[in-house]
Structures are given as C-alpha cells and as structure tokens.
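The structure is given below, and queries will be raised subsequently.
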Amino acid sequence: MSGADLGLVAMVVLLGVPAGAALLLVLVSDYRRGARLNVGAALLCLLAAVTLFQARPEANLYLRVDDFNIYLIALNNWVSFTTSVFSAGYIAHELETGRLTPAYLRFYHAMYQALLFAMNLALLANNIGLLWVAIELATLVTVLMVGLYRTHAALEAAWKYFILGSLGIALALFGTILVYLAAQPVIGQGLPAMAWDRLIARADAFDPALLNLAFVFLLLGYGTKAGLVPLHAWLPDAHAEGPTPISAVLSGLLLNVALYAVLRFKMLMSANPSALAPGPLMVILGLLSLLFAGLMLYRRGDIKRLFAYSSIEHMGIITFAFGMGGPLANFAGLLHMTLHSLTKSAIFFTVGHISQVKGTQRISTIRGLTVTHPTLGWGLVAGAIAIAGMPPFGVFMSEFLVVSSTFARQPLLALPLVVGLLLAFGTLLWRLHGVAFGQPDRAAFVPVRASTLPVTVHLTLVLVAGFWLPEPLVAWFRHVAALLG
Amino acid sequence: MHGLAFDIAHFLAGGMVVASFLLLYQDRLYALIHVFALHSLVLALAVGWQAAVQGAHHLYITAGIALVFKAIVIPVALHRIVRRLGIHRTLETVGGVGRDMLAGTGLVALAILVMLPVTTAADALAREDLAFALAVVLLGLLLMVTRRNAVSLVIGFMSLENGLVLAAAGARGMPLAVEISVAFSVLIAMIVIGIFLFRIRERFDSVDMQAMDTFREERRR
Amino acid sequence: MALTADYGVQGCQMLLTLLLAPLLTGFVRTLKARLLRRRGPTPLQPYRDLLKLLRKDVVLADSASWLFRVAPYLIFAAIWVAASLVPTFASGLPFSWTADLIAIVALLGTARFFLALAGLDVGTSFGGIGASREMMIASLAEPAMLMMVFTLSLLAGTTELSAVARFMLNADVGLRVSLALALLALLMVAIAENARIPVDNPATHLELTMVHEAMVLEYSGRHLALIELAASLKLLLYLSLTACIFAPWGMATAGAGPLDYLVGVVAYLAKLATGGLLLALFETSIAKMRVFRVGEFLGAALMLGLLGTLLLFVSRSL
Amino acid sequence: MPLSLSLGLAMALLAVGLHAIAASRRAGCTRQVYGVSLAVCIILLGMALAHLLGGRTPITLTLPIGLPWLGAHFRLDALSAFFLIVVNLGGAVASLFALGYGQHEKTPERVLPFYPAFLAGMNLVLLADDAFTFLFVWEFMSLSSWALVMAHHREPANARAGYLYLVMACFGTLALLLAFGLLAGPDGGYDFAAIRAAQATPGAAALVLALALAGAGSKAGLVPLHVWLPLAHPAAPSHVSALMSGVMTKVAVYGFIRIAFDLLGAPAWWWGGLVLALGGITAVLGVLYALMQHDLKRLLAYHTVENIGIIFIGLGLALAFQANHMYANAALALTAALFHIFNHSLFKSLLFLGTGAVLTATGERDMDRLGGLIHPMPWTALAFLIGAAAISALPPLNGFVSEWLTFQAILASPELPQWPLKFLVPAVGALLALSAALAATCFVKAFGITFLGRPRSPAAAGARETDRYSLVALFVLAVLCLLAGILPGLVVDGLSPVVSVLNGGARLTAQSSQPWLTLVPVVDVKSTYNGLLVLLFMAFSGTGAALLIHRFASAAARRGPAWDCGFPEASPATQYTAGSFAQPIRRVFGSVVFQARERVFMPPPGDLRPARLEVELHDPVWERGYAPIITAVVALSSRFNAFQYLTIRRYLSLVFGALVLLLLGMVLWR
C-alpha cells in the first residue's frame, strides 16, 4: 500500500491502540498480564511512530504530521515504552510493600494507556480545539494517577494539581476561542478556522490585537501545564507524590506536550508581522522559572521533589531559548526539549529504584550510594551530570548554543541566565553529592531487583547526542527553528 | 443582524456579568449556590438565544447542558455536600465584600478596555459577547481567590467556565462548542466528586491543611 | 697568550678573595676590640682558628644525615663562586659573564638554603630557631637586594657587574637620589645578611639571641671551619660589591698591564680597610635590636630599594 | 598524520578507561592501565617533540562529530605541540610512578577508569580547534579530574573539596562559554579560524579578556579564584595531584594564551597591567598561604598558585609589550613565561610524587607528624631536595633560569610609555622577588620538617624506601630539572617557534650558538647567565675543598649525642614544627594578611595541664569573597522556600495576578 495510507494506518494505531488498551486493561485482573499488555501496547505505538518516519500521511482537518511533531511523537512513544518497561518492575515491588492493591494497579494501567492516548492525540492534533480537548484529558488522567497512593499528601497534591490544572485549561480555552475569532473573518466559519495548517498559512491576515490577547491566555493556560513560574505550584508535589513512572512521564512528556502547544501558537504569532513579539514574555517567564527553581533546589529534602524543581528549571531554559528566537537558540530549545525528556525520565527511573531499595525518598537518609549500589549511584551521578549540562552528555550542546548565542546578542539577558544555571547547578549538586558519595549508612542492604536497562539506554542516547546527532533530526530541527522565527 | 436580536443578546450577556457580581456579593453559602443556579440559567438563555440567532442548532445542546446540569444538578449536589460535610454556612472573605466589588468593577473595566478595540474585524455581537465573557471569567477568578472555602472555589470556577461557554457560543460558527462544554461538564463533575473524595474540609488554609504540609516536607530545617 | 693571562688574573682574584676573607674578619674584630679599649686578638687570629678547626676531628650528632656532612662544602662552594665573580681589583675578567648580579644574589640564596637545612638536620630546638629566623631575615633581605639590583641595572642598562662598574666610572652618572637609596638599601641588607649588629651578634653566646650561630651550633672541626670561612667570604663579598658598585675607582680593566693590576689591588685593599673601619665604628656605636624588629628594619630597606627603582622608572621617561 | 595519530591515541586512552570500569578489581588491571598510559604518553611526547623541533607547519583535521553543521575541528601547531610536551611528559612520569604507587590504592575502581580519561581530556583540549570541541573536552577534563578527586570520598573534607571544585569548574566553563559566544558572534562562527578572521570591537575584546581570565584563571588557580585548588589537588591520589597541579593548571594557562594571544587580535596596554597585577598578587598570596600550611600536599598546592602567578606576570608583561609593539621584549617575556610553565610542570610533579612516596611510606601528610625521613628513604629525600631547590629558584637549577628571564623582562620595561605601567611593573618586580625569597623559606620548611630532624611519630620512624618504579620516576624529573637549569639555551631555542607564533614572528636570538651555551636573552642589554659554568665552578671548588681537607687535614668523624647547648636527648617533640618554623614570617606578614592571632594558655604552677598555643588564621579571600555569596544564596532560598508551602488559594492568586498584570500590560502597551 502507498506511503500515505501506511502513515494513515500508523496514525490510527497511535490513537486506537492506547484507547483500546485502556478499555481492555480495566478488565485484566492479573497485574503481571496487565503490565505485559501495557508494554505491548506501548511497543505497538512505538512501531507506529517509527513508521511515520517512512510514510507521512497527508494532513486532514483533525490530524497532521509535520517536521515539528514527528520526532516529538517518536520521542513520546519511545519514552512511554521504556517507562512501561520500568513500571512493570516497579509496580511489582509496590505490590510487595503493599502500597498498591491489584485493583488500583488495574486502574493504573488503564490510566497509563489513556494518558498515552491523550498525549498522542495532542501531538497529532491539527485542530486547536482538539489539541485543547486532548490536553484537558491528559490533565484529568494524570490527576487520577497522582492521587493513586491515597495518602494525605498524595490526595492533597492531586487536588492542587487538579484545581490549578483546570484553571490553566480554562484560560487556554479562552485563548483558543480568541484565535478562532481572529481566524474566522479570514478563513470563514467552521472547522477550517481551527485547523492549524490553514491558520499558519493565513496568519499574516489575522487581527493582530486579537492574536496578542489570545497568546496571553494561551501562554498562561498551557504555561501552567508546562510548569512555568509563577504557574508552577502543582508540579513539584504532583511529581513527588505520584508513582515514579508517572513522575517520569509527567516530566519527560507531559511538560513537553504543553510546551509544544505554546510553541504552535508562538509560530502563529511570528507568522503575523504586526502581532507583538512573544519573545520577551517567554524570556521573562523562562528566567523567572530558572532562577526560582535554582533557589528552591537548595532546601529540598525529598529527592523526587528535587528533580521536579529541576524540571521547572529546564522548562525555564527551554522557554528562554524559544523566547530568544533565532536559528541557534530555537535549535537549542528543540534539542533541549528532546534531551531533557530522555535524561529526566532516566533520572526518575533511577530515583524510583533508589527509593525502593532505600525505602525512602528523604535525601538526608540516603548516603554513599556509589558504595552500596554502584549501578544506581553512578547512574544517578551520570544523570545529574547530564541534566546539569556537562559533557560528554548532549544537554551540554543545547546549553552551549543557548548561552553563547544569547550572550552575543543580548549580553544583559545572558547574565541572569548564567547566574541561574550556575545557581541551579550548585544547589542540585549540593543535594546529590551526599546521596552519591560519603560514608554509607549501616542500613540493611537491599539489592536492585528491577532491570536498570531503561536507564542505561536513555543515558546512552543522551551520551551519543553529545557528539553526534542524526542528519534528519538536524534537518527537522532547523526547519522548525526557521518556522519558530 | 437586526437590532432587537442584538439587544437581547446584549441584555443576556450583561445579565451574566450582573449575576457574577451577585456571586461576589453573597456571604451565605446557600445563597451563593442559588445565585450560581441563576447564573447558569442566564447562561442557558444566552446560549439558546445565540443558537436561535446564529441558526446553529448544536448550540441548543450546550444550552441544554447548561440548564440541566449546571442550573439544577450541580446546585442540588452542592446543597447535599454542604449538609453532609457540615460546612460552615457563612462565607469567609479575605478582603471583605466591598473591596471585592470594587476590584470586580475594575476587572470589568479592564475586560472592556482589552476587548473593545480588538475585534473590529469580528461583528459587534461577538465583540460585546466577548467583552462580557472576559468580564465573567475575571470575576470568576476573583471569586476563586477571595473566598476561603472549597464550595465557593468550585462555584467561582464554574462561573468562570460559564463565561467561557458564553464566549464559545458568541463566536460565530465555532465548531466543537458542544464537545468542549461536555468536556467541561465532566471536569466540573469530577471537581464536585473531588470534594467528596478528597474530603477537603471547609477551609483551604485551615489547620489540617497545615498538617498536610508537614506530610509534604519538613518545613523548616 | 693574553687570554691565558686573563685566566690567570681570574684565578688570582679567586685566590685573593679566599685569602683576604679571614683577614678582613679578623681586622674588623681587632678594630672593634680597640674601639672598646681592649687589646683584642691579632687580625691573623681567624687563620689560626681555621687551621686548628681543620685539624680537629668532626663530632657528628647521632641524628645527623648525609646532608649535614655535604652542606658545608656546598655552602662554601656557592659563596666562594659568588665572591670570586664580583670584580675586586679588575673588571671584565673572562668569567665575569658567567653570572650577573641577580645570579650572585641567588647563589648566596643557595648557600643560605643549605645552611638553614643543616640547622634543621640534627633536630634540635636551637637549630630550628636559627633556621627559621635566618629564613625570615633572608625573605626580606633578598627582595631588598634585588630592588637595589633593579636600580643599578636600570641606570647601567645591564645586570653585569663589570659593565655596571665601568658605567659608574664614567662621569656622567652624577649624583642621583635613587643611587643614594640603593646604597642605603645595600648596606642594610649587607648588615642583615652578615649577621652583624644590630640584626645579629656574631660574638654572642646567649642562645636565644643567636641566629647564625644557632644554626651552626652542631658543627665542629673541618665543617665548622668551612662554614666560618664561608661567612667571612660573604662579608668580603658584600664589601667588595659595595666598593665595586659605588667606589669603582682605580679598578683595572681586563688585559691591562701588571701595573694597573697593582694599582687595582692597592685601591681594593684601601677600600676594604675603609669598609672594615666603618663597619667596626657602626657596630660599636649601636645596640642590637629585638629579633622581631628586624622585619621592620628590612622592610624599610625593601621600601628604599623599591622607591629607588620607582624613581628611576619614572625619571627614565622624563 | 600525527594529528590523527594523537586523536587515535586519546581514543585508546578512553578505551582503556572503559576497560578498567569492568576490570578494575582484577589483579593486573593497575599495571595494564598505567602501562598503556605510559606508552601512549611517550608516543605523544615524541610526536610533539618532532613537530615542535622539526618546525612543521600547523596540521588541521575535521571530524563529522560535535556541532552538526560545524563538525569537530582539530589543529596541531607549535603552541599546542609545546603544551603537548608538557602534558605528556608529566603524564608519562606520573604513570611510571603509579606503576608502583598504584599498587597501594585501596579503591582502584574509583581511580583506574578516570585516570586515562583525564589524560585523554587534557591532550584533546590542546588539539581542539573550535569553541564547542574545546569547551566539550575542557569540561570533560574537569569532570574526569573531579571523579579522581572524589576517589577517596569517604573523608568528608574530600567530598567538600570535590563539590567546590565541580562548582568552580562549572563557573570557569560558563565564563569561557560567554567569551567564546562573544568571539563567535550571533550567527555562531565557532571554529577558531573564523574567530581569528573576525575582528572583535575593543569593548568586546576587553570583555572577552576579562572572561578568559575568569575562566582559565579559575582553573589555573588565579587569586581570587584559587579557593578550590588547595582543597582539590591534595584530595586526589598523589600521582593525580601531580598531574592536576603540574599539568592541568598548564592546560588552563594554555586556554588563556590561546584566547588572549592567538584568537583575540591586538591587545590594549591595560590588559597587560591587569594580568600583571593579578599575577603579582597571586604569586605573593599563594606563597604566604603556603607558608601557613602544615599539610605537605596542601602546601604544594598553594605553591602551584604562586607559580601560576609568576607565569601570569610573564604573560602580562608580554601583553603590555605587544600592545606597544615592542616585540623583542615581548619575546623575552613570553619565553620566560613558557619556560616557567615547563619548569613548574617538572618540579611540581616531582614534589607531588615525592609526597606520594612519603604518603605510602608513612601514611602521613601532616608534616608535624613526620621528620627524619632522610634516613630511611635517602633517595626520595635527594630527589625531593632537588625539586625543592629548583622551585625555590636556586641556581644552577631550572627554576632560577625562568625567574631570571622574568626579571630581565621586567628590567626591559621602563620604555613602556603608559604611566600606570611605569608604577605597576617595578612594584610587581618587588612582589616577584618577595615571592621567590618566601618560596625558599617555605621549602626549607617543607624539606627540613619532613625529611630532616628526628621522627615525630612512630609512622615516620617505621618508614621504608619506596619502590623502584617510583624512584625512577622521581629521578627522571630531578635530572630534567638539573639539565633544564644548566642548558637553558637549548630550551629557549626549543621555545622560539612557539614564541614567534604568538608574537608576530619576533623571537629571541638563537642561544645554542653562544660560547659555553651562555644564556644571552637580549643582545643589546648585556645580561648573561651560564648555569653550566656555575655548576662546574661549584663542583670544582666544593670537591676540591673536600679533597684537599681530607688529604691534608683530618678526615676522621666520630658520632655522639647532639650537643644542643648542653640539653642532649631531648624528646623529638622539642624540635621545631611547621607552625613554629613559620612563626617569624607569621609575625611579619600574617598579622596583616590573615589577621593572625596567637593565644597562649599557660597553666599556673602546680597545674598539670599542658600549656597550649593556639593560632587562628583568617582567609581574607574566602571570608570577603565567597562566604557572603553563600550566605546570600542560603538566605534567599530560605526566604523563597515559603513558596513551597502556600495554600491553593494563594497559588491561584499568583495565576490571577499574572493574568491581570499581562492584560494591564497589553492595555498600556497599545
């Protein structure tokens, strides 16, 4: 069959399989089979995502695949696949410790697939209304997952996430309506006026003032989901209290999806000459997030919350990069999105293992891991070094590009950026140094049962990205960077 | 469109703003719930009118949802919650009603300021609607942040969301309006259930909330 | 032929310094005794002491190492080489380019380095006292000396002593403030380096006030002899350095006839005598200062030297 | 060809490191790793020597890695060749030493994987020819050395040192990153060729220089960015300390030279002044810090700071001369700096390796618990003595030559037209002289307290001479120190291609043609020095005296108890310690620089408690420079920490505020 059809099939698989699996998993009672099914479905999606590279379907009014989302889809399904593998080992341990019951696990797996479906939908959506619906769905699902443990803290985190998330969703909807209103006179009523490719084609004719207003709401709305300061409040607790696989997916994927939505609309803005430049807004939000997170990292006592704040920091860096604009900074931003999700999910895998072998997430009670659990300890060290943007890992490349290009253009902006980077680096390392090194405590030794393969694979990918990027990826990045203006 | 239709639409949208102000004004929980029911009723009328004017029949569904779900089901549910959880009947405001009203007026002014010059391209009706919708949204937010009470928070959010639906209805030929309102209704249903599930006691910055903080992380080290 | 003659003269100069050194020391001692209305020993006494020490056996402390035995020869060699590189009665000798003024200062530093180590070697408290104080003094005296060197070489455009001497000979130098400062610095450093009053008392036997003596406390026999000889060589070196820089009159140049050499020698002896006399006068007329005043004393010398250099740096471009 | 070879060899080192991850526990692994490192270093050393002395033209190579559209550029020119010699000489000797020393390592799995990686990193930094590759390998070098510092992480002090080191390394990299960003321009011309081609505006150039000073200086240990160095260098195993102190600091200096002399175009005169002042301050402060130490390795580390200062004095002079187009003098200053770089890499490695030998023999780094080691380990003592004499700038050893050259460069500087320089240069000269003299004092202390006297602890008493690998390594360096001291002309000639590259073609006249290999740096100023003759004279007179005396006078020697003015057989505790030796200096300088206070507790008669002397020192740089920053960060983060504990209503009002603010902004903006 022709490439386009194949692509269409792939799209259908990407949406249908998780949806079906979600329904199916509700019925599967045995958690082992459930986990296997979960992995299988994720694998199928991954394959479908890969086939998209070979055969791109042509866009319709609802769905489309272009240079921007194609690699995000692949990334999304890849990470959710590895995460499903990780979670298969993780939940078994949770059952043993009795933190979860099989019933909850059934629910958990179903929700996992639902989340995958929502995120794929959001990435594939060619329709800004559909995009909104997908992200709202993702919010609801993750709220349920965060509250999974039913502890006070978990419920409270979920509730907070729920309220703030739905407020963000509401704001985003208002923005979406405004965009439609801006487009409707130009394109005409009905679906086309919400189809992204039509919008971007005619964006220059839109009413700029309306677009500006819309962007304010969209930035705040989807920015809430992306965890930008001061809209970030839900993020740390949601990461810290939910099951670790969910933390990995939240940090690695959902933040990306929210940011992806923001970027889509930034493209609209930059396609319209007379609209206000969205850059400064994003730069300010980015710097705020970076500096704020850097300061917050210092006092953290919970290792998952620590890395949640580090996610805020990196969202800040990425937003800053896109705010700066220009081929170099945009390229760096896209690269950073990709590498951050890989690295951060790997870190959360490691942290999950650590908190299971140590039976706690309290940093102060974890000591000298490189002695007791060399794999975990050095894995954590490698992850921290990678996320801190040190070679030989890939994040270094993006930070190199951001900082250098910024300093060449806006030295005064580069200053707070560098200060923030240094601050975050120092505070993060300050917390982790004791975890990895030093005299280990006398606690009974618990071996790592689950496979550390996902961690290794992710870190290897990030490592390779440090000195070599595949050609097509570079081509897409540069094309999208050009679109982002 | 002819003047009458415009005037009615205008009247209904304005009515929602007034209803929002009424919400701000309440200091009794039940009264708040009743006013919210009124708010949703006005919304239903406004959306219905838009459906008639635009000849967009799917909007009738939205109107229906607003009428049945928000104007009847939710208020009843909230009534029961308040009784079940034995929540304080009086509302505790952060600032004091007067100040809130003042802020509210400011917000309305802001909304109009932001909106009016914008949508020269869109038709007048949409513009008016949009201005009022934005006002309702902002007032809803104000309600959310000035009341120390779970129920009032939910009501604030719902009134905000009413504003959104109003805007969506006002936007000519807006597709997915129904889907969106459905999606939102699900959201709200979950929030209401949430209050049940999470057993959030009456006050948000209340003592047991502080207790949760200690769960969350040792505060000062 | 002329070349060999020059080498011969060089050799003579080396031997001359070696032979004159004890005499100078003895001469100063005698003078001081006379100034104090004592008869005092003859100026030749140091030679006798040296011979006596050379003939005696060496008594080594049990904890002394090979360094303790090697050090005297090293110290002696370094100081003798330094002394023989300073033009005494003739300038521009064949090996004068081997080491310039900076190198001479550094050679003295080498000698001091090993002397201090020798003081530490046996592991007695007095050795430690001597070594640490000596190094403290040196760490201030050496920079002062180098500042003096800077002043000179900025004037003469070289750090080569013969060239400096030649430069000072011709008239157009005139009197300069910076030269006076340099002379002052040099004299202060010389007093400190040679363990003379007021910095140190060569004749003291109260351990706590000793610096140089405390370091060589454990030495005996031939080792002590070498060290004493080195000490007097150092005194001679400083005197002839002062003479060669600030009073180069009558100094012969290489390849001149024997007559000039004779004049040079006579002039040199005269300079030494005057220097010795002045030193004796100075030493008898002043009291020793506390050890920790030395810092300020030498700090002043350093400042003087720096001042001279600064003046030159500035005046050079006026 | 040599370039690709050296890259290949670096890869080989990395491969060995990877192999060691798996095999580090196995018996032969230590020998394998260090053997391979030794071989690789020797090959690279030979290659670099051939390239430098053969006067080859620069070779470039581009690999399809690194930045996608740029690729990784590598280049081998005279400058990198010289530094390759420094690095691989140090690397080879350290590896040789480690063949013996490494056997005593408790946790080889924390050393063996990173050691070759560290070597590879340093080599690659010297070869990198574009900003990205340079910073990449630069940071890689820092990282691998950090891992080595953390090798003995169980001591809390080491962990702290490692953390501080990592943060400072990140700071330095960011500074360099900014510098390169400015050099490369907004559209990212990151390869050095493009940077050379583009001319930076004066303002930008000044900024770049400042950033380069901050970046390279923080790694080299320039005051006030030196704080990490004396903590981190001693924390590592000794052969690594030798590499970090003797070699890695030189790589940092290379970074500065590459930017300031090669990439940055014509300098402004005040650059020279800035670098000079920093160098002078660094030199004196470094040695003063060193004098206050009693931990042998930390003392050596502080001396690294001092010598970096001396090197930067030379570089600053060179910049000043170049700014005034006085290229002959600039050549002199540059030669002095490069010579000192070479020398310091020799004797600092020697001293650290010697310390390593002491460490293995006694398990002690604290001088006050050592002493008398010259008896059990005479050879180590001899080598260490030579190193100490060399670093104290005593003729006829190599340290003196480079300082002599620096002095000559200072003496050549009155022609500089700028007034500030006129006042600055002689002052810096005084600082240099002071630091040289203090260094001598410090090494009398270091050698005297450690090796001489009587043992102060059973560990010191029970010491044994170290193994033969280590001894060979020590004496290779010692002999090199001597050779470089007595044949300086050859070294200067070897340096001249490097100098001419950095100095617009100007170089010193060929020295090897001079009679007796005399050093004649500048012909018109007749200042000469001949280490060879000084050595010959000293050898002649010393041995002559010895022979004569032994022949004609007495040669007999008796052993007896120490006389000590009649107090024999006192306990070893009565000896001078490191602290008491430095006390006069502390009195003179310490009260000014370190606010040194001494408190004596003398119990009343009849009281049996021991008398105590307490000395408190303050580190001005840390207390004025770093502590405030740390307190500020802590205070701020404690203040902001409240944001973790707000109630949902407050969080909502944050969002609300943001929205209203933005809307207002839009209204006003229109």
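So that you can tell them apart, the chains are marked A, B, C and D in the order they are listed, and the count of residues begins at 1 in each.
As a convention for this text, a contact is a pair of C-beta atoms (placed from the backbone, for glycine too) under 8 Å apart; a residue touches a chain by one contact, two chains touch by 3 or more.
Keep in mind it's a predicted model, so treat the numbers as computed, not measured.
Asker: For the chain pair with the highest number of C-beta contact pairs, give its two chain identifiers.
Answerer: Here the largest contact count links C-D.
Asker: Specify the chain most distant from chain B by Cα centroid.
Answerer: Of all the other chains, the one whose centre lies farthest from chain B is C.
Asker: What chain lies closest to the overall centre, CA atoms only?
Answerer: D
Asker: Go ahead and note the Å separation of the Cα centroids belonging to chain A and chain D.
Answerer: 44
Asker: I'd like the Å distance between the centres of chain C and chain D, where a centre is the mean of that chain's Cα atoms.
Answerer: That gives a centre separation of 35 Å.
Asker: When the centre of a chain is set as the mean of its C-alpha atoms, what distance in Å lies between chain A and chain C?
Answerer: About 78 Å, centre to centre.
Asker: Distance between chain B and chain C based on Cα centroids, please, to the nearest Å.
Answerer: For chain B versus chain C, the centre distance works out to 99 Å.
Asker: Please set out, as single numbers or ranges, the residues of chain D touching at least two other chains.
Answerer: 644, 648, 652, 655, 659, 663, 666, 670 - these are the residues of chain D that touch more than one other chain.
Asker: Where does chain C touch two or more other chains at once, residue-wise?
Answerer: none
Asker: Residues of chain B touching 2+ other chains?
Answerer: If we look for residues of chain B contacting two or more partner chains, we find 114, 117, 141, 144, 153, 209, 216-217.
Asker: Go ahead and list every pair of chains that touch.
Answerer: After working through each pair, the chains in contact turn out to be A-B, A-D, B-D, C-D.
Asker: Any idea which chain B residues touch chain A in the complex?
Answerer: Residue list for chain B touching chain A: 114-115, 117-122, 126, 130, 133-134, 137, 141, 144, 153, 157, 160-161, 164, 167-168, 171-176, 179-180, 183-184, 186-187, 190-191, 194, 197-198, 200, 209, 211-212, 215-218, 221.
Asker: Hey, which residues of chain D end up touching chain B in the complex?
Answerer: 644-645, 647-650, 652-653, 655-656, 659-660, 663-664, 666-667, 670
Asker: Which stretch or stretches of chain C touch chain D in the complex?
Answerer: My answer: residues 54-67, 69, 73-74, 76-78, 80-81, 84, 95, 97-100, 102-103, 106-107, 109-110, 112-113, 116-117, 120-129, 131-133, 135-136, 138-143, 146-147, 150, 153-154, 157-160, 163, 207, 217-218, 221-222, 226, 291-292, 295, 299, 302, 305-306, 309-310, 312-314, 316-317.
Asker: Which residues of chain D touch chain C in the complex?
Answerer: 371-372, 374-375, 378, 381, 385, 389, 392-395, 400, 404, 407-408, 410-411, 414-415, 417, 422-423, 425-427, 429-430, 433-434, 436-438, 440-441, 443-445, 447-449, 452-454, 518, 525-530, 533-534, 537-539, 541-543, 545-546, 549, 553-554, 556-565, 567, 570, 572, 574-576, 580-585, 587-588
Asker: Which residues of chain A touch chain B in the complex?
Answerer: 127, 129-130, 132-133, 136-137, 140, 143, 147, 151-153, 155-159, 162-163, 166-167, 169-170, 173-174, 177-178, 180-182, 184-185, 189-191, 193-194, 207, 209-210, 213, 237, 240, 299-302, 305
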